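Two complexes, one shared chain (chain A), two partners (chain B, chain C).
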Partner chain A sequence: MANQTNSGNERVDLAYRRRKNAEEMRHQMIAFVLMILLTLIAFAAVGYEEFSHWFVVPFILLLAAVQVAFQLYYFMHMSHKGHEFPAMFIYGGVAVMLLLVWAFTTVVWW
Partner chain B sequence: MHAEEKLTAETFPAAPERATLEGKNKFLGFWLFLGGETVLFASLFATYLALKDKTNGGPSAEELFQMPIVFMATMLLLTSSLTSVYAIYHMKNFDFKKMQLWFGITVLLGAGFLALEIYEFYEYVHEGHKFTTSAFSSAFYTLVGTHGSHVAFGLLWILTLMIRNAKRGLNLYNAPKFYVASLYWHFIDVVWVFIFTVVYLMGMVG
Partner chain C sequence: MSTIARKKGVGAVLWDYLTTVDHKKIAHLYLIAGGFFFLLGGLEALLIRIQLVKPNNDFLVGGLYNEVLTMHGTTMIFLAAMPLLFAFMNAVVPLQIGARDVAFPFLNALGFWMFFFGGLFLNCSWFLGGAPDAGWTSYASLALDSKAHHGIDFYTLGLQISGFGTIMGAINFLVTIINMRAPGMTFMRMPMFTWATFVTSALILFAFPPLTVGLIFMMMDRLFGGNFFNPAAGGNTIIWEHLFWVFGHPEVYILILPSFGIFSEIFATFSRKRLFGYSSMVFATVLIAFFGFMVWAHHMFTVGMGPIANAIFAVATMAIAVPTGVKIFNWLFTMWGGSIKFTTPMYYAVAFIPSFVMGGVTGVMLSAAAADYQYHDSYFVVAHFHYVIVGGVVFALLAGTHYWWPKMFGRMLNETLGKITFWLFFIGFHLTFFIQHFLGLTGMPRRVFTYLPNQGWETGNFVSTVGAFFMAIATVILLINIVITTVKGEKVPGDAWGDGRTLEWAIASPPPVYNFAQTPLVRGLDAFWLEKMEGKKELTPAEPLGDIHMPNSSFLPFIISFGLFVAAFGFTYHNDAGWGLPVGILGLLITFGSMFLRSVIDDHGFHIHKEEVLELEKKGANA
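Here is the complex of A and B:
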């Protein structure tokens, strides 16, 4: 793949790319801080005994789903162009996961 | 662009992991593999959820799990995910030394995580929670142990890449290798997010 910028001046292109990379790294840092925050909230929700089981379980599952989305779309760059097939593979896996969990926890019994 | 071309920061492409055909193939093939890994862990999670209350007289999740050690392990692995992002950031800037440094930090954090997990399993066995104690214990060790073995494999993989390429520097032949290894490392963290939520936190809630 060719470089995205083409001013004909390599130094200018490099400076531009470095700036873009640095900006992306700032977004990664923000994603990381949010992920730590979500983790802290999940642990705190479980540690705080006043909350009922029926609230805490769906709540921490939701936090986990959001955190995983951050991992996939930021850390693993799935938000970038050219990730249509990766997204299909992962969502295919997630569909199987939902089916398996549903089957094992409801249909299977002993 | 061909793989062994000598590059400078100026001529290094913006997406070095996909600049060659080999890189493109590795990238796509590895994501397909991660889809398969998702299914592998899905089956282990489903088994665990079906069997988690069948303790057969052995210790239950609520009796076993301790929040501090799980919290520590989570922070170590989450931070190691960020440090490997830094490594790839420096790779894109064609800074081989900094990439190696950040991958090195990633490996150290991952090793810390693995040490905590080994200590944790050791404690559980002493409390009578062995692999064959109950359906719960078998499902637990299979799920968490499979994840732990992925961490161990990831550590060896990254270390091997670092040592193998130490004198070679960065080029379009090894950039996809480093990139794909970092994807694997993030995926391990993705699985851990579900493990600490579904196994540990839901286990402590009861």
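Here is the complex of A and C:
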């Protein structure tokens, strides 16, 4: 993608790419710090004995979902253009599996 | 390596097909293997009908009848209908999008051989004690109780192996269609068959994993001491039914959507008009696929899921009639005002509409949960699904065979014999299955090997058996037609029907190994028709003529699949015999060893040089 620009001036292109990369790196660092933080919170939630299991389990699952989103969007670049199809198929698969789990929990193991 | 065609010996041709990675040759392989299993499944159907021709018959009794019935269903769905559709997808989709091959040619070959060895393994059961006998649905409560022989193990392992192949094929088509369309071929300019292949591949991608999970659970329970489906040990036998139908319902759309695609091509071509409501066709296809995932439990209304679950699944099921109706009306409006040419494929297409609608109407009847309690497990259900699968899928396969035969083999199937096949098959089909609606409504249960006299079922069953023989004769005439055509059929030009609309008709029949000498530029829907209407003979190229990069043939796909075939035998018998486990491990070593070889051997393919392409093109134009 990077070399398909209309600008003939490589310097402009380089400056733009540098700024873009720096921004990208900042996002990755922020996401990384947040992910460490979320992991610590998860450990703390389990370690703190006042919380009941009924709170801790769904809470950790929620944190896990956020972690997956960070992983996909920041580390695997799904936030960039050109990832529409992978995104569509991931969400399609997630939807099918959620439906299945929902049906199993309500119909089979009611 | 030279690509110039010359006379080759039988051995060389065989080796060529065993090692090919060319999508056109893989299409031939799918057609031959799928056709063989279609004949096998048809033979089993005839045996079933012979047994039921009169009351108290003892032609196939009890267990043997169960085996034949199970293998008829399993063979027809997994080993005949799907591979035959894959044959057309392989033969046509890369051509329709202006590509030189699929995205992963090696994987394509591997997918075929996995399917082939899976099917072979399943059918080996006939000679090794007995075939699976718990129905094609193989419900766990029956399957775990089938202990007389290894039939069910052949089912679980065979279908796992052929399932790998199917998923590989689906991923291959998804990647191909997303990435390899010719310049200008936007999604909304793709031919309907390509669209159907795309949506079907997505369905396979999501529907096969639940089946794989179910089959692995079943394998664990039967061979490795598991208890997933054993209520006595805390398992749950209903889980199999859910997993099976989460796969099974999308599976019927996996069969019917490509069939719809084939008919869409045929209606437009022989009405010599563009497809009516193209964008609504695309939308309806996607919508049917989407709904297909939330209706599986309508196969289980009588399991006892409760009124709320039944009601939800009933309403969702009825909703599918809406996009399907959109399609039916679009086909009718495509013909409306068209300059219709009644060729053999068009016969099938026109006959498909009323036949399939009848299956659709009984489908809506069955989707009413309360009414389903009366229809359930009766011949009414048998009549329903044969109306949609034979009236929809098999008609499409026969139509597609006639329609694309000239493109695949360069010779036109005989039209007179084709029409005789059609009439015999059409009459035989309605004769066999129409009366089964009434047999079902008067209480005849499905999957039972005999019935008593004086229940009012004698005439119906007799008529039904007569119809089955009509279909058998039709199939034999089709085979004769194929032999005659192969021996002395007349050669055809690229645009074999003279009315081709899509890209595949713009190149020679059969296409050269590289398909398009120059990648074409697509300027609209029905790209080839568009060019012809502007007085051009061929497509506008999108690139200069140059060297063409091609993949090398490889024998590894065959060996990888063969390894799994060996392993499946080993694991089937590992509880009975000492040689089981070593053979199983040996098989896995063959598979993973050849996968390792595939990874370490550098294979950069080869080039067909510009001069060679020019020479081949000149020859193709003369032929």
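By definition in this document, the second predicted complex is superposed on the first by the 93 of 110 C-alpha atoms of A that agree within 3 Å, B and C clash if a C-alpha of one lies under 4 Å from a C-alpha of the other, contacts with A are read in each partner's own complex, and residues count from 1 in each chain.
Keep in mind that, in the parts below, a residue touches a chain if its C-beta (ideal position, glycine included) is under 8 Å from a C-beta of that chain, and two chains touch if they have at least 3 such contacts.
Only a predicted model underlies this, so the values are computations on that prediction, with no experimental measurement involved.
Chemist: Answer with first, second, both or neither: which of chain B and chain C does A:G93 touch in the superposed model?
Modeler: Both partners.
Chemist: Under the stated touch criterion, which partner chain does A:F104 make contact with: chain B (first), chain C (second), both, or neither?
Modeler: both
Chemist: Quick one: chain B or chain C, who's touching more of chain A?
Modeler: Chain A has more residues touched by B than by the other partner.
Chemist: Would you check which partner chain A:D13 touches, where first means chain B only, second means chain C only, and both and neither mean what they say?
Modeler: In the superposed model, A:D13 contacts chain B only, not chain C.
Chemist: Give one of first, second, both or neither to describe whether A:M25 is in contact with chain B, with chain C, with both, or with none.
Modeler: first
Chemist: Quick one: classify A:L61 as touching chain B (first), chain C (second), both or neither.
Modeler: First partner only, chain B.
Chemist: Which chain A residues lie in the overlap of the chain B contact set and the chain C contact set?
Modeler: Looking at chain A, the two contact sets intersect at 85, 89, 92-93, 96, 100, 103-104, 108.
Chemist: Over in the complex, which chain C residues touch chain A? Could you list them?
Modeler: Going through chain C, the ones touching chain A are 174, 178, 202, 205-206, 210, 236, 238-239, 242, 246, 293-294, 297, 305-306, 309.
Chemist: Quick one: which bits of chain B touch chain A in the complex? Just the residue numbers, please.
Modeler: For this pair, the touching residues of chain B are 9-11, 13-15, 18-19, 28, 31-32, 34-39, 41-43, 45-47, 49-50, 67, 71, 74-75, 78, 81-82, 85-86, 89, 92-93, 183, 186-187, 189-190, 193-194, 196-198, 201-202, 204-206.
Chemist: Considering only the defined contacts, which chain A positions touch chain C in the complex?
Modeler: 85, 89, 92-93, 96, 99-100, 103-104, 106-110
Chemist: Quick one: in the complex, what on chain A touches chain B?
Modeler: Those in contact with chain B are residues 1-4, 10-11, 13-14, 17-18, 20-21, 24-25, 28-29, 32, 35-36, 39, 42-43, 46-47, 53, 56-57, 60-61, 63-64, 67-68, 71-72, 75-76, 82, 85-86, 89-90, 92-94, 96-97, 100-101, 103-105, 108.
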